[in-house]
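Scrolling down, you'll hit the structures one after another.
In the two assemblies presented below, chain A is common to both, partnered first by chain B and then by chain C.
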Partner chain A sequence: MEQPKPPSVAASAAEAQNPNAFTCELPHSIYALAFSPSAPVLAAGSFLEDLHNRVSLLSFDPVHPTAASFRALPALSFDHPYPPTKLQFHPRAASAPHLLASSSDALRLWLAPLDDLAATATAAAPELRSVLDNRKTSASEFCAPLTSFDWNEAEPRRIGTASIDTTCTIWDIERGVVETQLIAHDKAVHDIAWGENGIFASVSADGSVRVFDLRDKEHSTIFYESPRPDTPLLRLAWNRYDFHYMATLLMDSSAVVVLDMRAPGVPVAELHRHRACANAVAWAPQATRHLCSAGDDGQALIWELPATPGAVPAEGIDPVMVYDAGAEINQLQWAAAYPEWISIAFENKVQLLRV
Partner chain B sequence: MAGGEAHAALQAVAQSLRWTYSLLWQLCPHQGSSLVWGEGHYNGAVKTRKSTVMQPPPAEEEDDADHAARHRSRQLRELYDWLQQAGENSSGGVQTSSTTASRRPGAALSPEDLTETEWFFLMSASYSFPPGIGLPGRAFARRGHVWLTGANEVDSKVFLRAILAKSAGIQTVVCIPVVDGVLEIGTTEKVEEDMGLIQYARGIFMDQHGIHMKPTLSQHSTSNPVTHCTHQHPIQVQMQLGITSQTKFDYSDELNADEENDDTEEEGMSGSDTNNTDTERNSGQLQLQMQDQLNMVSNDHQTIPNNAVSSELMQCEMSEVVRDGCSNNILEDEIQMLMDCQNSNCQLNLQGPDEPCHSWHFLCEELQNDYQPATEDQVASPENTHYPKTLMTILHYNTLRQQEMNIKNYLPVSEKSSFSRWTTPEGSDDNKTMISPGTTQRMLKSILMIVPSSHCSYRGAETPESRGGKGASGCHPR
Partner chain C sequence: MKKLRLSIHYEPISSGTPSSPSSPLTKETGDANTVLIDDLFLAHSDAILAGGDQEDHQLGNDLGQQQAATAMEIDDDMIYSLIRNWDNDSSSSWIELLDHVVVSPASCFVPWKRTELDKQAVAGGGEAAQRLLKKAVGGGGAWMNRAAGSSIKNHVMSERRRWEKLNEMFLTLKSLVPSIDKVDKASSLAETIAYLKELERRVQELESGKKVSRPAKRKPCSERIIGGGDAGAVKEHHHWVLSESQEGTPSNVRVIVMDKDELHLEVHCRWKELMMTRLFDAIKSLRLDVLSVQASAPNGLLGLKIRAKVVSLT
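And then the complex of A and B:
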C-alpha cells in the first residue's frame, strides 16, 4: 500500500483520486454531525476547546451532487457554547418547525429554518428555543455536562440525555421538564440510545452496556461488559431497522463490538479490521445487518454481518467496502432520509460519501 | 372478580412454593365439561430482566417483583390471545394475517421475547382435557392428585405436553383437584412426591380463593364460559357430547367421597396398587365411552355429511400447512432456536449449534406423528389438534417476519460509490506504520472526558459576564 503522507497532501490526493466524494472545509475542527430527516441538510458542530463554538448548516444535492453544491450556508450558522457533544434533528420529517437539538453543558433546542434553502440570503439564523438544564431541578450551582443524547423516534417528545454525573435523564421537551432521571451507572455515562417501546440503553466508563425500560424503572439489565476490567465504553449505536442489534466502541480499541439482544453477554461479532482505534459507528438506516465504522486509521469501513451468528469465521469478518480519508476520522453519520449517503468528519473537513 | 381472585390465589401458590408456574383448569360446562385454561401465573425466568441496579428496600423490592411477575403473566396471556386471533385470520389468507400483525400494540410481547419455560406456560393454554385424559383430566376424574416427576423425560402418551416440557426443562408437574377445577403447578426442579406439599399448596389456594366462593356445580361456574369455549375444536365438541355420562359418573364419585371421608383417606394412603387399580378402571370406562363416541361419529356422518366433509378438509389443510411449514422453515427456525437460547445456554449453543436444531427437529417429528395417527389414537387425544394449530400460526408469523427482513438484507452499492471493495492488505509493515498511539481516539476522549470537566471552570469565568450583556444574547435565558 501507498506510504502515508502528510495529512493535507494525503487528503488532497484522496480527493483527487475519488471524484465521488465531496468535501466542505470549515474554519474550525469538526466533531458533531447530524443529517436532517427531511431536507438535504447536514449540521456540523465545531470542536474548539473553548467556550465559544459554532454550529454550521451545510446543504447538499442528493440527486446530482457536485463539489459546488455541497457548501455551508453562512446565514444559518450560529454560536454555540462549548463544543456540542451531539447534534440531532427532530426525527419526524413532517414536523413543521425544524428542530435541532444539541448537547454540551445543557440540552438546547434550536429552530432551524430549512423550508426554503434558496432564500437563505435573507433567512434569520437558527433561533434558540429552549435550554433544558439539570440545575433547575437539582437546585445546585454545579452543572452536569452532557456527553450525548438521543431523540426518541416513536415518541418525539422524549429526549434521553447521558451525563458524566452517572445519570441518564429523560426529558419531556414539550413541557420542558424532566420526565425521569435514573442513576444509570457507577461512573460517567458516555452515550445513550433508544430502542423500542420506551426501552433505552447506555454505555459508561464503568465498562458496561445497560438496558432500561421506562415501564419498570427499578430494574436494568447489564447487557454486556467490556472484557478488560474497567475499560470504558465510549459510544453506542442501536440498529433502528432491526432492534435486535447494537454496536459499541471500547476505549483504546480498534474493535467494533456487535451485540444481539437475544444473546446477552456474548458479542455476536467483534469487527477487527481497523488498524488504529475506532471513533464512530453507525447502522445502515434501511438494512438489517450493515453498519459503517470509522477510526484513527483514516478509514471508513462498511460491514455486513452474517445471517447466522454462528457463521462468524474464526479469523474474523472482513468489511465489504472501504474508504480512506487520509486522516483520523472522528465522526460518522449515515443519512436515514438518503440512505445512499454517509458523512464523515476529520480535521476541519466534512465529507459526503456515496455508498 | 372471580378471575382476579383466582389469579391472586395462583400467585400466592407459585410464590409460596417458589415453583415456576401455577394454573387453574376449569370445567367448561357449555361444551360437555372439559377442563380448559382458567387462569395462570408465571413465576419463572424472564429473558429481558435480570438484575436490580438500584437497591430498593426489601419490602419494596418484593412488591416490585410480585408486580412484575403478575404483569408478565398477563402479557403472556395477551400474546396467546393474539396468536389465537391471528390463527383464525390466517385461515382466510396471508393478507389478513399481515393486517392483524400490524395492528398489535407496540408494547405487546412477541414470540421471540419468550424463554422456553414461558413458551411451555403459554402453549398450555391451547390444551383442554376431558375428564380422565391428561394429567389434569386424570386428577379431576379420580378426585386425587397426580404427581409427575421427570416430566421432561416421559413419553408423550404419559404426559401430553412432554415435548414442550423437554424444551423448557420442566421436570415436575403436579395436578391437584380443587372445588371448581384442577390446580396445576410445575417447576424446573426435580421434586419427589410429597403429600405435605400438596396439602400446603391446596391450603394456600383455598385460603385465597375457596373461602370466598361457595362450592358450585360446574353448570354454574363463575368463570367466563364463552371465552373458554372458543378454544374447542369442532371434533372436541362432538367428543364432549359423548362424555356427558362420564361427567355424571364423576359427580357420583364426588358425592360418595363426601359421604365416606375415612374411606377416601384410606384409599389415598394405600399406595400405588390402589392408584393402578383406579387407572385400570378408568381406562376401561374410557374405552366404553370411546366406542360410544365412535358410534355417534358414525351417525353424524350419515346424517350430516357436509360437516364431516368440512372437518376432513380442515384436517387435510392443516396437515399440508404443517408439512410445508416444517420443510420451508426448518432452517429459519433453527436460527430462531439458537437466538432464543437462555443466558446459561448461550455459550453452549454458540459452541454446539446442533443442540437446538435437534430439539426443533424433535418437535417437527412429533408434529408429523400427531398428524398421521390412527383414527382411534386421534380420538384418544383430541386436544392435540388445538396445539398444532397455534404452532402453525407462530410459524406463519415467523415466516412473514423473515420475508420482510429478507427484502432489506441487500445493501445496494452505487456505481459512483465513494467506497471501494475491501481487499485484504498484505504485509505487516503497513499495520505498524498506520497505528499512531499518540493520537488514539484523541477527539472522542476529549469530547467525553476532558471538555465536560472544563465546563465548570468556564462557567465560573463567565458568570460575571452572563449577569450583564451576555444575557441579552439569549444563549442563557434566566
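And then the complex of A and C:
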C-alpha cells in the first residue's frame, strides 16, 4: 500500500520561488482532477489500488488567491470505490444540481452541494445519485472497468464512456440507460472525447485514433495510427475552441502528437521536449493553437503551434513556457471557466498554477 | 484572435529584417502598406501596455476588426507572400510578443530555454514511466477485482478437490486399522497412531520372546530342587508357557524360587477377555496357593507379580 511521501526538497524549493503556485496536500496519491464550471472548486480523486478511495473537493479563490484559500473541504469529501480514472463536473455552468461524474468499475453520478461553500461546516456530503453499468445486460458477474469518459457539452444528457472491453458506450444520464454501445476498437479503449454534432473520437491499445458519428453508427474513420507497431495510445484531448485539432499520447513516449482533422493520418506536429514520458495533455480553453503537456520529468510545458501547417521547423517546436514541479506530474487540467489557471497533480499534491 | 495573429506576423518585416523579396512588395503597395505598418506598431504598443487578461482579449477583438477592414484593401496573394517571407531569425521577437499577449506577468511559468539535455534522446519507458496513467487505462484497480474473483473460484475448486482426496484417504485408513470405530478424523488419526505403536511393540516383544525361551528351559531344574513330588506340576507349567508362545502373543513368564515353599511369578502379557480367570486357574492347577498379587499396566499390557506357596501334600 502507498504511503504519503514527505514533501520533496525540490518541490518545496519550487514552491518557495513561485508565489503564484498554490499547493494543497492530501492524504493519498492523486490522479483524477476536475474544475467545476460553476464554483471555484476542484475535485481530486485518490489513487490507491484498493476498493477504498476518496474524492476530495478543494476550494480556491480565483480573484485574490492565497495559500490559505486553496484548501480541502472535509465536509464535502466522500468515499469512492476503486480509484476514479476520470472526474468531470456537469459542463453547464447554470445547471441547477451540481453533478459530478466519476468512472472506475462503473459510471457514477454524484450530487455535490456547491451553492454555499461558506456553509460547508453544516453541508451534507455529496450523495451518490446513480450508478450506470452494463452488469445486468451483459449477464456477467463483473463489469469491465472504465478507463475514461467525456461529458458532451452541447448535449449534457450524453456521457460517453471508454472501457477495457473494447467498447464505447453512450449513456443517456437523464433516463439512466444506454443510448448506444459500439465495439470501437480491437483492444481496450483508453480514452474518449467529444467533438461537435454528435461526433466523438477514441484512442485504444491497438494504437489507433478512431472518429465516430452517432448519425452514422455503422462506420468509423481511422484518423491516426501510431508509427511503432502496436504502440498503445493512452490519452486523447480534443481542442474545444477549434475542433480541427486533437492531441494524443503514446505509451512509453515523451512525445505529444498533434493531429488536424483536415489532414488525417499525418500529424501536424510531434512535440518532443519532455525529458521523460508524457502523462497528460490539455488544450488552452480560449485559444486555438495553445496546449499544455505534463510528464514524468516533472515539467509542465505550454506550446504554441505554428499558424500554417507547413511552418514546423525541422528541429521541432520548442515550448513557449515551462513550470517545474520537481516530481512526476500525473494529471493536468485547463478549464474554460478559469483560463488563467492550470491545475496539476503530482504525488499527493494538487497545485494551482497561474498562467 | 486569428486576426491578431495575422497582424503579429508583420512585426518581423517592419523591424527591418534583411529580406530582399519583401522590399519590392512593400514599395509596390504604397500607402496601403504604410497603413498596415502603423496598425502593427499600434498593436505592439497596446499589447505591451495592457495590464490584464480581459483587456487583452478586448484589445484583440478591436484589432481584429480594424485588421479585417484593412485587409480588404490588399490582395490575398500579397499577404500570403509576405507571410512566407517570415524567417526563423524573428522567432525571439515573436515569443517576446507572445509573452505580453498571452501570459500574465504574475505567471508561475517561465520562458522555456533550450539546454543540452533536450538534444538527448529520451530513453524508452520502463515500469516506472507513466505509472499512474498506465494503471488508470488498465482499469484503475477495478480490474484487479475481476482477477481476484476468478482466483477465488479456482481456490475453492482446488480446496474441494484436496478435501475429497483427504476424505478418501481417511476411509482407506479406517479400513486398514481394525480398531477404528469412531467417525471423526481426529479419532481416526489418534487410533492409527496407537495401533502403529502397538505393532511396533509387538515386533519388540517377539524379538525379546526368543531370549525368554532360554530361561524357561531352566525351570525344570529349579523345580527339581523343591522335590520330586511336583514333577508333574512342573511339566504342566512348562506346557502352559509353550502354549502361550504358540498363540503368537507377546507374553513373558518368569518363575523365581525363593525357598522350599515359596516362589514368585512375574507375568507380562497382552490383555484379553477372561485373561485373569485363565491365569489363576493355571496357578491352581499347579497346586499353588496365591499369597499376594501386584498388578500393573505397563504400556497398555497386563503386568502381574504373584507370590505363591506350594500346597503341602500332608
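Quick note on the criterion: the second predicted complex is superposed on the first by the 348 of 355 C-alpha atoms of A that agree within 3 Å, B and C clash if a C-alpha of one lies under 4 Å from a C-alpha of the other, contacts with A are read in each partner's own complex, and residues count from 1 in each chain.
As a convention for this text, a contact is a pair of C-beta atoms (placed from the backbone, for glycine too) under 8 Å apart; a residue touches a chain by one contact, two chains touch by 3 or more.
Quick caveat: nothing in here was measured; it's all calculated off a predicted structure.
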{"item": "Three-chain arrangement built on chain A, chain B and chain C clash or fit", "value": "clash"}
{"item": "First (chain B), second (chain C), both or neither touched by A:R262", "value": "first"}
{"item": "Partner chain(s) touched by A:N330 [first = chain B, second = chain C, both, neither]", "value": "both"}
{"item": "Touched partner set for A:D115, first chain B, second chain C, both or neither", "value": "neither"}
{"item": "First, second, both or neither for A:P313, with chain B first and chain C second", "value": "second"}
{"item": "Chain B versus chain C as contact partner of A:E25, first or second or both or neither", "value": "neither"}
{"item": "Chain B versus chain C as contact partner of A:A188, first or second or both or neither", "value": "both"}
{"item": "Partner, of chain C and chain B, that touches more residues belonging to chain A", "value": "B"}
{"item": "Touched partner set for A:L128, first chain B, second chain C, both or neither", "value": "first"}
{"item": "Chain B and chain C contact sites that coincide on chain A, given as residue numbers", "value": "18, 20-21, 29, 31, 47, 49, 51, 82-83, 85, 104-105, 142-143, 145-147, 164, 188, 190, 205, 234-235, 251-252, 273, 275-280, 286-288, 290, 296, 300-302, 304, 307-308, 318-323, 328, 330, 340, 353-355"}
{"item": "Touching residues on chain A, where the partner in the complex is chain C", "value": "18-21, 29, 31-32, 47-51, 53, 82-86, 104-105, 141-148, 164, 188, 190-191, 205, 232, 234-235, 249, 251-254, 272-280, 286-288, 290, 296, 300-302, 304, 307-308, 313, 318-323, 328, 330-331, 339-340, 353-355"}
{"item": "Chain B contact footprint on chain A (complex, rising order)", "value": "1, 3-4, 18, 20-21, 29, 31, 47, 49, 51, 79, 81-83, 85, 104-105, 127-128, 131, 142-143, 145-147, 154, 164, 183-184, 188, 190, 196-198, 205, 210-211, 213, 215-216, 218-222, 234-235, 241-242, 244, 251-252, 260-266, 273, 275-280, 284, 286-290, 296-298, 300-302, 304, 307-310, 318-323, 328, 330, 340, 342, 353-355"}
{"item": "Chain A-touching residues of chain B, taken from the complex the two chains share", "value": "48-54, 56, 61, 64, 68, 106-107, 112, 335, 338-341, 343, 346-347, 350, 353, 405, 408-414, 416-422, 424-425, 427, 430-431, 433-436, 439-456, 458-459, 461-462, 473-477"}
{"item": "Sites on chain C touched by chain A in the complex", "value": "1-2, 5-6, 9, 53, 57, 83, 88, 95, 98, 102-104, 106-112, 114, 117-118, 120, 122, 124-126, 128-146, 149"}
